[in-house]
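All chains are identified by letter, namely A, B and C, in their written order; residue positions are counted from 1 within each chain.
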Amino acid sequence: MDETILLAHGSGGQMSHGLIEGLFLKYLGNPILAALDDAAVVDPPGASGGGRLAFTTDSYVISPIFFPGGDIGKLAVCGTVNDLAMSGATPIYLSAGFILEEGLPLAELERVVASMAETARAAGVSIVAGDTKVVEHGKADRLFINTAGIGRVPAGLELGNDRVRPGDLILLSGTVGDHGMTIMSQREGLRFSSPLQSDCAPLNGLVTAMLAALLAADDAGWGALHCMRDPTRGGVATVLNEIAARSGVGIEVEEAAIPVREAVRAACELLGLDPLYVANEGKLLAFVSPEGAEPLLAAMRAHADGREAAIIGRVTAEHAGRVALRTVLGARRVLSMLAGEQLPRIC
Amino acid sequence: MCLAVPGLIKWVDGMAAQVEIGGVERTISVALTPDVRVGDYVLVHTGFAIGVIDEQEALETLRLLSELLEGSAEECLFSSTGEP
Amino acid sequence: MRYLDEFRDPQLARRLLDHIWARSTRRVCLMEFCGGHTHAIFRHGLRQMLPPTVELRSGPGCPVCVTADRDLDRAIAIARLPNVILTTFGDMLKVPGSSGSLQEARAEGADVRIVYSTLDALQIAREHPDRDVVFLGIGFETTAPTVAAALLQAEAEGIRRFYVLSLHKLTPPAMRAILDSGQVGLGGIIGPGHVTTVVGSAAWEFLPREYHMPCAVAGFEPLDILRAVAALVEMAEEGRAEVVNAYSRSVRPQGNPVALAMMERVFAVDRADWRGLGSVPQSGLTLRPAYARFDAALAFPVETGPSRPHPGCRCGDVVRGVLDPPDCPLFRRVCTPARPVGPCMVSAEGACAAWYTYGQDDEDG
């Protein structure tokens, strides 16, 4: 096989075919994808049970493309799987579109695609449609990936940003800031060594366990769960502010209740960052009415991806649209939305 | 201004040293604290140790704060002499 | 984390607060000189926990906030030069100059890179011997020695095409300027703990001696700040004025002589322009003639045109402590972190950013 990606790999001719068959199909192969038709014609399971389809898309441009705990490929699969899972959907099919920079070593592309295959397998989804384009050197930062995904939301499950109500409790599935600080530690000029790893992971397994627990609980059902969100860019603080605005409610969180790894705290102290604004790629926030909180928390903690789950706050009718944080000292202060990205500081 | 974080010196090699803070490690310069030794805690600011932390003083401060009662402890905590 | 967590103990904080509440009978206005204190106070919600007799005012100890427009414009102009790599601490990236910020210059093609340390800028210079690497030097006496040390290292290694644009400033002259203006009725100053780690607590003796002004040097954890406030309240109640070292684990009377010597060797003291304070004598650091070849101001003389501060911007009054951010007509209405008019809203430790981001309980009602 060739050593690096060339413009010809994107032109649709022999080299494109060679790449598709020799690399993409080799790892992502399934009967639907292997047909290489213009479109994947699918019959998603569960149609007879009613419910609705969920459909989402995301693009991934992260740099560096390989980092402790993951890579851009794993991220691309998890990100879309998680968006579906947050809507209550069982993810079924994904598409993957690649924009490759001329000169990208094939070995790196192979590593990324192998990772996607492994992640898809772990999440129980198939990548059934794909596309490849190659752009001139300098026009893309190594590679960009877009994934779109469909899944089925079971009948009786209704979640939304605007469905959160005063009295709801807020559950967080685990430690915050792991992904963002891992990426930060790889950046030129900021490098430090740490045991940190990205928390990049598919959350659909955890969500399935959570939904099952609610259904099995005596006083709760799916109606108790109002919203789920994964706090990616902008972190937990951003999601809380979005929910407060969309649902027209106030939110109060306890700083002491929010799980943070010591290494994340240390890295944040060093660079002057707040873990509540740092990206996560394997965590979720759940907004649930009180009767559903206990069964949900138990189910999360029993699952490998929710061992450190905690109740971090509650929803209130007061100060609608604002998020208040009770600091470790017991004082209250506003936890606002940031204007843009958090930057490391020395002052 | 002046974000500076306490870190533990793990090794020293000339003007460079490895500092550890909560499991995170970074190589820093000890050009401003040349007498630093392994096991010392230093204040880290922009990749430099700017001062060595006096652990006795730290413990003493915490002890005084926990004993904060009317009278003696206050004298030590809030006056310039700092002597009990 | 050692020496951080212990100084955030809620129980001990409660005791200090109880003590402050019990002792404070008369109104006193304290200036938290240092932007890092402004940030820490808001982050932990300390303002709400203090009695109403204790008022806190932010001061000019925010290097970003006091950088003059003209100086920032110069840095941006240098960044735009072909072949220059402008390295900067993250703090300066979004500050608006007369025509855009460093971030905007970067979006338009300037090579602007964030570094955590001047040593990282030095590393970039080693890796790019064909480019001119300029380091934007902001910060007070905590940071200046680190820049001096990096410069000395550059000299020892014979690194060429590495430059420093020194906008470093000194804190005591700023304190004097504030007190001399007499505009703020201060009863005490919370002294900058990390600056003082370098300059030594003796550097503040002029405050009680010449101004009968109490000063308590504070660290940046809640217990440190509360301890300093308690000491200042104590002194205010008794009419005493002294320098209290409330950060004894880091601060010594003589400071860090090695750091001071290094600063002295590389930098000379000169007049400097401060936003809000104007031109202050003997308050800025410039590279000595022996290090002229590292001086970006000499190597890259740039024309910046007249600086054009926004007409309504009151950052100058905010850094002098004569105006609280909510009283600025632009605050929140026009000037927000997303579209900042002045540096006080951009800097993580600027008073306006702190008020906006962390809010005030009584503001919300």
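What we mean here is this: a contact is a pair of C-beta atoms (placed from the backbone, for glycine too) under 8 Å apart; a residue touches a chain by one contact, two chains touch by 3 or more.
Remember, it's a predicted structure, so these values are computed and weren't measured experimentally.
Participant: Higher C-beta contact count, A-C or B-C?
Facilitator: Result: the pair with more contacts is B-C.
Participant: Farthest chain from chain C, going by mean C-alpha coordinates, please.
Facilitator: The chain farthest from chain C, judged by C-alpha centres, is A.
Participant: What is the identifier of the chain with the smallest separation between its Cα mean and the overall Cα mean?
Facilitator: Minimum centroid-to-centroid distance belongs to C.
Participant: From the mean C-alpha coordinate of chain A to that of chain B, what's the distance rounded to whole Å?
Facilitator: So the centroids are 39 Å from each other.
Participant: How many angstrom lie between the centres of chain A and chain C, each centre taken as the mean Cα position?
Facilitator: It comes to 38 Å between the two C-alpha centres.
Participant: So what's the Cα centroid distance for chain B and chain C, whole Å?
Facilitator: About 21 Å, centre to centre.
Participant: Multi-chain contacts only, two chains or more: what residues does chain C have there?
Facilitator: Only 1, 4, 35-36, 62-63, 89, 116-117, 120, 139, 143, 349 qualify.
Participant: Listing for chain B: what residues touch at least two other chains?
Facilitator: 1-3, 5, 21-22, 45-46
Participant: Quick check on chain A: which residues sit in contact with 2+ other chains?
Facilitator: Residues 262, 265-266, 269, 272, 345-347 of chain A each touch two or more of the other chains.
Participant: Which of the residues in chain A come into contact with chain C in the complex?
Facilitator: Touch list, chain A to chain C: 188-190, 262, 265-266, 269, 271-272, 319, 322, 327-334, 336, 338-340, 343-347.
Participant: Can you check the complex and tell me which residues of chain C touch chain A?
Facilitator: Against chain A, chain C makes touches at 1, 4, 8, 10, 13-14, 35-36, 42-46, 48-49, 62-64, 87, 89-91, 93-94, 113-117, 120-121, 123-124, 138-139, 143, 222, 336-338, 347-349, 356-359, 361, 364.
Participant: Report the residues of chain B in contact with chain C in the complex, numbered from low to high.
Facilitator: 1-6, 8, 15, 21-22, 28-29, 31-34, 41, 43, 45-48, 50-51, 53-55, 57-58, 60-62, 65-66, 68, 74, 77-80, 82
Participant: Residues of chain C touching chain B in their complex?
Facilitator: 1-4, 6-7, 12, 15-16, 19, 34-36, 61-63, 89, 116-120, 139-140, 142-143, 145-146, 149, 152-153, 192-195, 197-198, 220, 223, 227, 230-231, 234-235, 242-246, 248-250, 256, 258-259, 262, 349
Participant: For chain B, which residues are in contact with chain A within the complex?
Facilitator: Going by the criterion above, the answer is residues 1-3, 5, 21-26, 44-46.
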